[in-house]
Each structure stands twice: as C-alpha cells, then as structure tokens.
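Structure incoming, see below.
Chain naming follows the written order as A, B and C, and within any one chain the residues start at number 1.
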Amino acid sequence: MNALNHAWNTAFWGHTFYEWDEIVVPNALSEERERGETDNQGISLDYRRFMSDQLLACYYKEYEAIKTYTPNLPVTTNFMGTYEGIDYFQWAPYLDVVSWDNYPGMETPPSETAMTHDLMRGLKQGQPFMLMEQTPSQQNWQPYNSLKRPGVMRMWSYQAVAHGADTVQFFQLRRSPGATEKFHGAVIEHAGHEHTRVFRESAALGEELQKLGDVLTDSTSRARAAILYDWETRWAAELSSGPSVEIDYVQEVHAYYRAFFDQHIPVDIVHPEQDWSGYDIVIAPMMYMVKEAWAKRVESFTAQGGTFVTTYFSGVADESDRVHLGGYPGPLRKVLGIWVEEIDALPPAYTNTAAVTLPVGQLKGAYECRYLFDLLHSEGAEVVAVYENDFYAGMPVITKNQFGKGEAWYIASHMESQALHDLIATITEGKNISPLVPWASEGVEAAERVKNGEQYLFLLNHSRVPAQAELNGRYTDLLTDELLAFHCNLEKNDARILRKEHKE
Amino acid sequence: MNALNHAWNTAFWGHTFYEWDEIVVPNALSEERERGETDNQGISLDYRRFMSDQLLACYYKEYEAIKTYTPNLPVTTNFMGTYEGIDYFQWAPYLDVVSWDNYPGMETPPSETAMTHDLMRGLKQGQPFMLMEQTPSQQNWQPYNSLKRPGVMRMWSYQAVAHGADTVQFFQLRRSPGATEKFHGAVIEHAGHEHTRVFRESAALGEELQKLGDVLTDSTSRARAAILYDWETRWAAELSSGPSVEIDYVQEVHAYYRAFFDQHIPVDIVHPEQDWSGYDIVIAPMMYMVKEAWAKRVESFTAQGGTFVTTYFSGVADESDRVHLGGYPGPLRKVLGIWVEEIDALPPAYTNTAAVTLPVGQLKGAYECRYLFDLLHSEGAEVVAVYENDFYAGMPVITKNQFGKGEAWYIASHMESQALHDLIATITEGKNISPLVPWASEGVEAAERVKNGEQYLFLLNHSRVPAQAELNGRYTDLLTDELLAFHCNLEKNDARILRKEHKE
Amino acid sequence: MNALNHAWNTAFWGHTFYEWDEIVVPNALSEERERGETDNQGISLDYRRFMSDQLLACYYKEYEAIKTYTPNLPVTTNFMGTYEGIDYFQWAPYLDVVSWDNYPGMETPPSETAMTHDLMRGLKQGQPFMLMEQTPSQQNWQPYNSLKRPGVMRMWSYQAVAHGADTVQFFQLRRSPGATEKFHGAVIEHAGHEHTRVFRESAALGEELQKLGDVLTDSTSRARAAILYDWETRWAAELSSGPSVEIDYVQEVHAYYRAFFDQHIPVDIVHPEQDWSGYDIVIAPMMYMVKEAWAKRVESFTAQGGTFVTTYFSGVADESDRVHLGGYPGPLRKVLGIWVEEIDALPPAYTNTAAVTLPVGQLKGAYECRYLFDLLHSEGAEVVAVYENDFYAGMPVITKNQFGKGEAWYIASHMESQALHDLIATITEGKNISPLVPWASEGVEAAERVKNGEQYLFLLNHSRVPAQAELNGRYTDLLTDELLAFHCNLEKNDARILRKEHKE
C-alpha cells in the first residue's frame, strides 16, 4: 500500500489510501471528472493499463477457444491504428497476425495513413499484416461521407500493400437494408447488382491482385531509421494537467514521420522495449515517459554510434508519471548534454523563431516554433539554433550532443514542418541513407518491400494531377510488364509496383 | 417478433430480440446515445411514433373530460409549428380547431413564418386556425430578446391572418413579477398601466380587428400548388447516420417554399396521405421515406397530368427505415425515369455547378449546389442540367420525366435559391399559375384568402423602407376604404388587406 | 408557506408548494436544468444563499475548534476573488483577516486584478489582507500556462501590496513529483536547487520586502469614490432568463472600475449594506437587485450631496427576485428622475450611438453602446445624451438628476470605455478629486497607501516598454532611496514605492 501511495503520489490533495477497497475506477472520487480530464494522473494511467490488459484477457479466452478446435488457423482481431484505448504493443504477441481497419477521411494526409500502416507493421516487428477493413466507396459515420474518387480505393489498397499488408479486404460485401451502417459503402450497392462504378473498381483490383499472385506476400522492408511509439507514453503525456492543451502525442510523432515520408525515406515504427539497436537513427518525439531501462537503451544506442533525436516534453516522468526530479529531461539529460530549467507554454497564435547559429547539413536560416518552449542550458551539447524572441532569446532551441560514437539531438519546441524536413535530411545524409527515389513530383509517395533479394518499389500519386518520378536505375512494372529506365510517369491517383532490375 | 426483427434489421450488430421484455426505450442499450444520435434507426423511429401517440392519448383523455361537461365548446391545444417531437398531422383530427404559438426570432425569414402558418392551416386541410400565442414585444428565452419594432407586431398578426388565422391572441396579458418569464413581453408591462407603446399598439390592432369584424373569418385559400410535409419522413431522414450532417428536412422544405413565397404564388402544405390529387403541382422535398401507397399516389397524380418534383435523399427507405433495395429512389424510380447509383457528400465549402444543358422556361445558365450530390443515370428522363465539376461532371443533376399526362422532376443536390426560383417559375408558368401580384418591391409578401366569392389580398411590407406593389385590377382597402387601381403603396412594416373589386 | 410561494412566485407554471417536503435542491424538478440555467429564479437564488451560509457554518466550526486551542492566532481561509459561489461579504466578519489566491492569466487586464484586490480589501472595509497564494512562475490548469515574464512576479506582488496586501506569499514552495499540480510553478523547481531564474526572482523579492520592513504594514487607503459590489445582485442578475445572454455583472463592474483605474483615481469597493455615506461618489453598476433599505440609502446619500451613478438593468427586482412593479428602475426611479418603459436587447454586432446633447464636463460627442438599450423617459432628469439610431432615436441614454444636494446619473446601455472614462472624469472633477499622478505613460498603474500621516505612492509599469510618470511633488523611493522631483522613470515591468516628502 505504501508503494501504491508513493507511485500515485496520493499525499497530494489528501488521497492517501489505507485499504485496497478504497480504490475506485476513475470517476469523480479519483478526481477523473471526464474521460481524460483528471487530477490524479497516476490512478488514471494505471486504469488505462488495467483496461487494456483486461480486454486482452477477454480476447485471449476467445483465442484459446478457437485454437482448441482449429489449432492451425491463424487468429486475429481488428485493430484500429492509433486508437487510444488499447496498447496494441501489449496485444500483438497474442495475435497470430496483425490486422486492422483503415478508414482515412477525405482530408487525412497520406503520410498519416502511411504512418499508421507502419505502426501496424511494427507491432510484430515488421511481420506483414492484413488490411482487414476498408470501404470501397464511403463511410457513414463521418460528418461528410465523401465517395472515394475513381482510382483512390485502388491507390489506397496498394498503399497498404506498400507498407506491409499481405491482404486487401473490404467492409462490406453488401450494404445492409437497415440500421446504422446502411449508408456505409459496400462492394455490392443497394442496387444489388454488379453494374456499378464501385463494383467495377473492386473487381478490377481483384484481377490485378490475382495477376500479382504471391510475388509480394511475405516480403518485408528494411528501413534504417525508426521512430519510437508507445501507448503508455501517450496516455501519460495527454493525461497531464498543463503545461498546454496543445499536447498531442500522435501529431508530434506524425510531424517527424512526415519529414521522412516527404523525402521518400522508409522508417519503421518501434516500441521502446523492442530491439532497436540495429537502426542508424532513432527518433523519440515527445518521449514524456522514460523508464530507467529505456534511458539506458538510449545511452547504449547513441554510444555505439546511433543518432538519437528527442523533443520537448521528453524525459519528464517515470512509469508511474512521477517526475524525474533533479532537472528535465531526467535520465536523458546526460546523453543529450542539456538541462531544461523551465517550460513556457503559449497560445498557438504566439510563435517564436529558431535561428540557426551553427549551420549543419541542411539546417540553416530560421524556423517557426510554437506551443511549448523549453528554456534550456547546454551542458556540453552544441547549440545549433537559438530562440530569437521573448525573454529567452538566445537560449538554445536545437542542440546536438556528441555521446560516445553517436550523437543525440534535442528539439526544444514544436517546430514547423520545414525545420523537421531539414533536420531529417541532415541526419539521414550524415548516415548515408538515400531516398528510395532521387526525385518525385509533389504528392508522390514511395515505399519499398523486399523478398528473396528482389526490391519492389511502390509509387503512389496522391495528387489529382499526373506526376513523375526519377528512378535509381531500371525497373519492371509488375502489372504492365513495362520496362522503365530512370523515369516513371504516374497518372492521377496512380499506383505502380516496380521490380528493380539487377543489371543496370 | 420476426416481423419486429425484420423491421428494425436487428441482425445488424447482433441486436436480435427474442423476448418482448428485451425492448427498451432508446438509450445506450438500443444504441441511441444522445437524443437523435442512434445506431439503430428502426427502434428510434418507432419510439418517436410511440411518444407522439402516447402524448396524443393523454391529450385526448383531457379532451373527452372537457367534452363531457361542455360538449359545445371547441377544444384545442397549443401547437408549436415545426416542433420536431410530435406528429401534428396525427393529432389534428382530435382537435376541434388547430391553434399554435408563433415566436419568430429577430432574424427569422418571413417566408419561414409564412410556411409554418401554412403548415398549421394544412393540418386540417385548409381549415382556419387560431394564432394562440405571440408576444406583443419580446421574448425572454432567446439569446438576445429584441423588441418587436413599431408596426411589426401588427404586421406579423396580419401575416397570421393572411395565412389562415381566424384569431389574433397574445401571450401574455400581464408580465408576471417573478420566475422565468417575467422578462417575456405582455400587453400590460410591469409598469402596470396602459400608457406604453406596447399597449397602444395592441389596442390599435384590436380596434382594427373590431372594424374588420367577421368579414374574413372562415375564409379559405385556393392554392394550386402543394408541398408535402411529413414528421415521419423528417424523423427517419434526420436519424440517419450519414451521408451528411447537413441533412435538414425543414430547411429543405423551406427552400422550396421560399421559391413560391418570393414569387407571390400561394402554396398549401399537405401530408402525403391527405388528398392532394386536385393540385396542379406537388413538391416533395427530401421525401426520404416513401411508403408503398405514397409511391402509387405519386404515379397516379403524375399520370393524370400533375407536375411532381422531388429531390436528392428521396425514395430511399420504407416506413421502417429499411432501404428500398434495387436502386434509389426506390418506388419513385419509374415515375422519375432515373436511377441513382451513388450519393456523394461533401463539406459545405465544396460546391458543384449545375449547368443547364436543356434550357426550359426560366431554367438556364448555371446554379451552385452543395451538401449531397446524387450520381444518377437517366432511364428515360430528359436531362435538364448536369454537374460541371468533379469526377461526375456531365452526369444529370436536374431531370424531367414525362409520365402519362404529367411530368416528374428530380433535383439531385441542394440547390442555391436562384435555381429553385427559376424551377418554380418554370413549372408554375407551365400550369398557367399567376402570382397574386404582377410585381412588388423586395420584402413584400402577398397572400390571399377567399370567402363567398370575394378575394382578399394581403400585402405585407417586411422591409424597413416604404414599398410598392402592382395590382391585378382594382381593390378596396378594408381598413381605410381607399380605392386602389393597379397600384398600392406600403409604409415600412405596413400591412394592408385589399378586397378585389369585381368590375375592372 | 404562503410567504414562500409568494417570494418564489410559484404560481407560475404550477409550482405551488403545499408541504415543506416538496422543496428540492435545484434540479430538473425545480426547473434548474444546468447550473445557472433555471426557470425558477427564486428557488435558485435562495439555494445560492443557503449554500454560502452552510459552507460558512462548516468553516466556522473549524474556526471555533482552532480558537479553542490557539485563541490568539488569527484564522483565515483562502478566498478566490470574484468566485461566484460564495458571498464573501457574508463570510468576512468570521475571518480574522481576509486572505486570497491571485491567479491572473497571461491576458487578464491589470485593472481586473486591481479591482479584485480592492474587493478583497473591501470585505473588511479597508482592513489590509493577505496575498495567500500566487505562483512564482506558471499555473498548470490554464489552457496555456505561460511563464510569468522576468519582473512580472515582483510587479504583481507589489500590485497586491499597493491595494492593501500586508503579506506576499506563494503557492508553492516545491513542485510535487506527481498528481495534477506537478506542472504548477514553485519557488523550488523540479530541479531541486536554487540556481534557477524563479528562485532568484523570489529571493530578490524577499530581500526587498525585508528591507521595506513593516513600514507599510497596517497602512490603509483613502478613496473618495466607491463602487457597490454584491453577490446576491450578481446571482439574481445572472440567473435571469432574458433579456440578453450578455448580462455579465463582474464585467460591468469592471468597466466602471477601469475608468477610475485608467485615470489613477483610487476607488473602494463596498457592499450596499456597508456604510458608504462618507464617500463623495458611489457607482452601482447593474444594481439589478434593490432591497427597500438600499433604495433609502441611495436617496439619503444623494440628498446629502453625493453623486450616485447607476446603469441599465438596475432597480429591477427585490431581494426575492420579484420585479418592483410600477415601472423600472423601481425604488430608484425617484432619485434618478426617470422611467424605463422597455428594454431592448440586441446581438453584440448591433450597436447604437449615444449622442451627447447636453455637454457636461468631458462628456461630449458620441459614444457607442450595445447589448441592452433602455427605452426611458425623463421624469425630471436632465438628458445628457440620446440614442442616435433605431426607433428610439432621440430617447435619453444618459441622464443626470438633481436630487437634494446631490445628483444621480443613469446610464441606460452598456457603454464603450471612452464614455465611462469621460463620465468618471466629469464626476470626479465635479467633486475636486485629483488623480494620484498628473500624468503617466499608458500601462502605468498608480495606487496609494497611507499610514501615520505618510503617503506611499505605488507606480507599476504593466507595459513591456519603459515608462514615465509625472509626480505631484517630491518623493523618496523606498527601495533605492532615490529622491524624485515631479518625475519618475519606470523600467519595463517596474514597480516603485515612493514616500511623499512633506516639504515641496
């Protein structure tokens, strides 16, 4: 009981527990007024762990029941991407294969969908997954349920494959006549026959996939960079009361992911406790929670030559959401070579400027930053950029610390996307990581799968105009058998799968 | 029980009922989370019917009790216009006379008030109604309770009369000293005497009405066009999950009503099950629900020479909110000569253009449309206008189908008001329906009542500047006895009642 | 029971009580649906009184228990400024000293903080209070918890002292490691040592305060103007249903307070039942509730030569929120020499203009007004300004009534700040009340405490640039011992305490 009172810091506001019976599920008694709005972060955080574990136990009962009768059939359940309520990394070992439901909205950035696919692939450390559900045309539960434009369903299906899906499935075969999802798209519309745009597009995709056969199944990827993602960290960071309501774990991860995506550089998404020692670069956006072992991994990774990047609101708390006393970012302070004295939080309309004082790679000039602003001191780290405004003008905002054979970067504020673009360009160039394509029109996504020594390059044109990409050599289009030399054209919303030719 | 499970499509999400006891009022168990937000439309729809019926039964107990003692006194209860919760068409037969409370806000369009009066008149198929409540000056429950400007109370009183009211009453005689409505206007203000603007205006109106005597009472109207209005259809359409949150039954009805109103053409509001065979034109905006018998009525009406108009999100579902399978708009498909393959839904900022390819009457040029966009195919209907943008550019958006001796129009999107203006002008001209006045300044409303062979023309100036109207001949002003020949002046917020002279 | 039914006007909507047991705490049964949104103002108002009294009784039990053992130690509890839920004027007699928690946000106007200090000082009629809590750097519970900029904590501490604080305290000494306030600022940061900006600023302030010693403790102020403030009036005004959602008691008080503040004229805040006969000027903004005795005090105060000012939405109701029948502003009608016939309420975008027709003092030209617009008649009062627009153009909007030896002003709408500035200038000049400083840069606040015949002038520079002030003679800076003659410079966010020299 003492351990519990310590972990939850119950002395605050007189919440000391004396009997186990006094503990409640989060409600007004535990100071969690509305879901996510709590004054006792410790109990609210542990409740999220508890719920995820309990649901997993329920799931596993079903898993075992099924295995009793059909031990050879793989068992899975529908995941939902970055869904907040369940720690999918804890669940993944109990699924034979990961499967998930992909429902991007009309204006979801393609990079966000790509990131979510990569997260799903990362749950079982790169093992291919199933695209369990997608709509062939529209949803019913969004405010405005737009139709997928012609070609978009095909393109998004291949986007899933490009990021590791070994199946392409739909919800649903046939629209139901009643109840809430009757306006959810289906392969067979309410009209009941096959003479529809949606059916034709679905059938055409089926024919293409049949033509592809199993050439891609079981193929994998080989990214040299990784981004850390962790549900516990998200829970703790977002349960925080202060410093700012703008704290958004998934969007901060996405901001860094997008910098890779836009430069056609593959990146894996891994959990802090998976093995990520083999990567050249590891990014840990908003690594608010740092367990002791995680900090040791960061130090070891960096000391051995890795490039580590983390941001504001990192290294703050331990696994019970107790602050690492002694100065932020706690156990990451040594590897980063900095000390954060204060954290300023300003409304979104207030911005500061990060002026680069030590140009390195593509980082130069000045970048806008906002939301949170660490007031930090270098304790050995090189100062790459400083604040230009406010009373902390001149204090570091981007730092780089040599640590053993590697280097550790700290980004002390929420940076505009150009800053992250230039940062990622700089550190990937430093590791001689090349993009999958030398150049492509805006809106073109590149991804790669490999199998049996073959490289399969996916090019997807998310824009609504034709596009081009330059290629690193000669490729064969798997669907058209066309031979492409150093150049590829893409129709609007096109998706092409190219096999690299071994001889230039 | 099988019938119930079928009607509510309970197989969806495993809601099959096995015992009657399992049925609950709409709540989280029935998947209705908040009022109107449900995942089981069937049970939510039937609950609305049930509630309306139960309240009617309560009302009727009181009705019978009163009749026991005063069998000759008419009995009524206060209706509230387009109030969502009660199906007034079901109630109307149990009232001796319809009465209602008219509380337009400061910025309510006059056409909306007029439409609501016409709806109240339509409840008993044209029988005059009572204006049971209106405030002489201001309300208390709006965010900003503006005073009715001088003359507005008089003008709005006559607007009620113009649309069928045989009484003009107020809530309330005297402001109460306490509780919530103490700031609600009254004929006698808190000052307690008659030396107030409000009292003077009320008294002056009383004198006018006394002068008018019963010349207008029991007079009726004689519109040749009708708009269908139905609470069940509204409930079903608005309970829908998808395609768009912009679905607003009352505003879609109002959009079409306003096109008549702005052109000074009277229109009745009728229920699908009332007798509307005698009209020349029938408009059914957003006729989402179509019962079998209703479709037959539409076909019969059109076949016999009527002009029928309906819109997107019509003919979708049956009386249990089960989709008419086989292609939208289900049982209306034949009479409209079209098939709707898909329904696109876009945020309000996204518009398309309806380009008229077959100019007819006043329909020409191009009109803006938004919210929902049917992707439809003509199955015999003439294509009047096509989409100009998006992947369905060139597909029909306005169609007209010859059916028997009549024609049936389909409007496949939410159209800007000019489009509806031109549409209504076209079809009324086609039926030789003339406006009540040849021309009037903007903001002037014209309405008509008839009695014993006399025509009474109401002219109301809703604008805040003086206005004019041209007249179809000679008229006498009932209040001033002025003789008017082909022309009428109106003060700001003026209301005049003119009796047509038989001799030109 | 009859008295209760009368007080609450329960006849309205059939709420007559027959048994005491029928009375409930405010909920749907009493027509209070959400906190503050009620249809039965009487019961909701009395419940607020009841809650404040009950909490006071709880507090007083603790007070007595403490006094049993430590009779000589003063006892207090943390007040929270204008917190809505407790009538601090009722509580104040039961505290030995008033103390309160001052947590202005980043964009709280300095005048609002000053007003709140003055309110706290007024609770015990000018007795110095304790600044019980303030954060040395940031809060955690605001949306954006900005750091106090360098010098701001010091300046705001002296602002408290300037308005009557005899202590300057902090919440909290040390940041806690867990639970909701771990991101709330503290003198000792999570770093755990004293080498921080926040610690240094706190320590420096401590040294200054030590240097000041008790020269200021027990000093008082000597304003000649007062503003009435009353929790019961606020409750009643804000519980009102209508005429406008813009009714905001505290902001209306603040608007008048600010007019004094901006002109460096001290003003006290007093309760209607405290003794305010000695002031030259008394302002009663939005004095919605007027008890019989209060009206008598207003008349007596004015008759004896005082200047009284009140506004729209005053004199409306009695202590049970029953309207004073016979014409607004009820018992204030005679002293004001006016009668309000109607109250118009318009959305904020609608403004009217108050055109000065009888220039007096600095009141001239035209001023914008909004929200509520009284339609009033003079019954003897001079008309200073009239509405320029709408149907009540030409009716009075500012009136001044000679009453006995004094005068009573009525401001019939919510006026722009320039109007209140000119009004306060006019009436203070009329009473020969001089500002504390002849002139100062924008953003400079002046306040005064007096003790043993000495005047202590506080000058605070709330702006972020250096500023100046002219002085009424020679002063000595208490902190620097600098001698200042007729002029004082202020650094950005500076605070200076000047003792007036007796010899010019």
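Keep this in mind: a contact is a pair of C-beta atoms (placed from the backbone, for glycine too) under 8 Å apart; a residue touches a chain by one contact, two chains touch by 3 or more.
If you're wondering where the values come from, they're calculated on a predicted model, not measured in any experiment.
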Exercise. Over half of interface residue numbers shared between chain A and chain C means same, under half means different, so which is it?
Key: different
Quiz prompt | Between chain A and its twin chain B, rotation from the CA superposition, multiple of 5 degrees | solution = 120
Self-check item: Chain centre separation in whole Å, for chain C relative to chain A (CA means)
Solution: 51
Quiz item: Can you list the chain A residues in contact with two or more other chains?
Solution: none
Quiz item: Which chain C residues qualify as touching chain A in the complex?
Solution: 106, 137-147, 149-150, 175-184, 189-192, 196-198
Quiz prompt | Residue ranges of chain A in contact with chain C within the complex | solution = 7-10, 12-13, 15, 31, 38-42, 240-246, 320-328, 339, 341-347, 375, 391
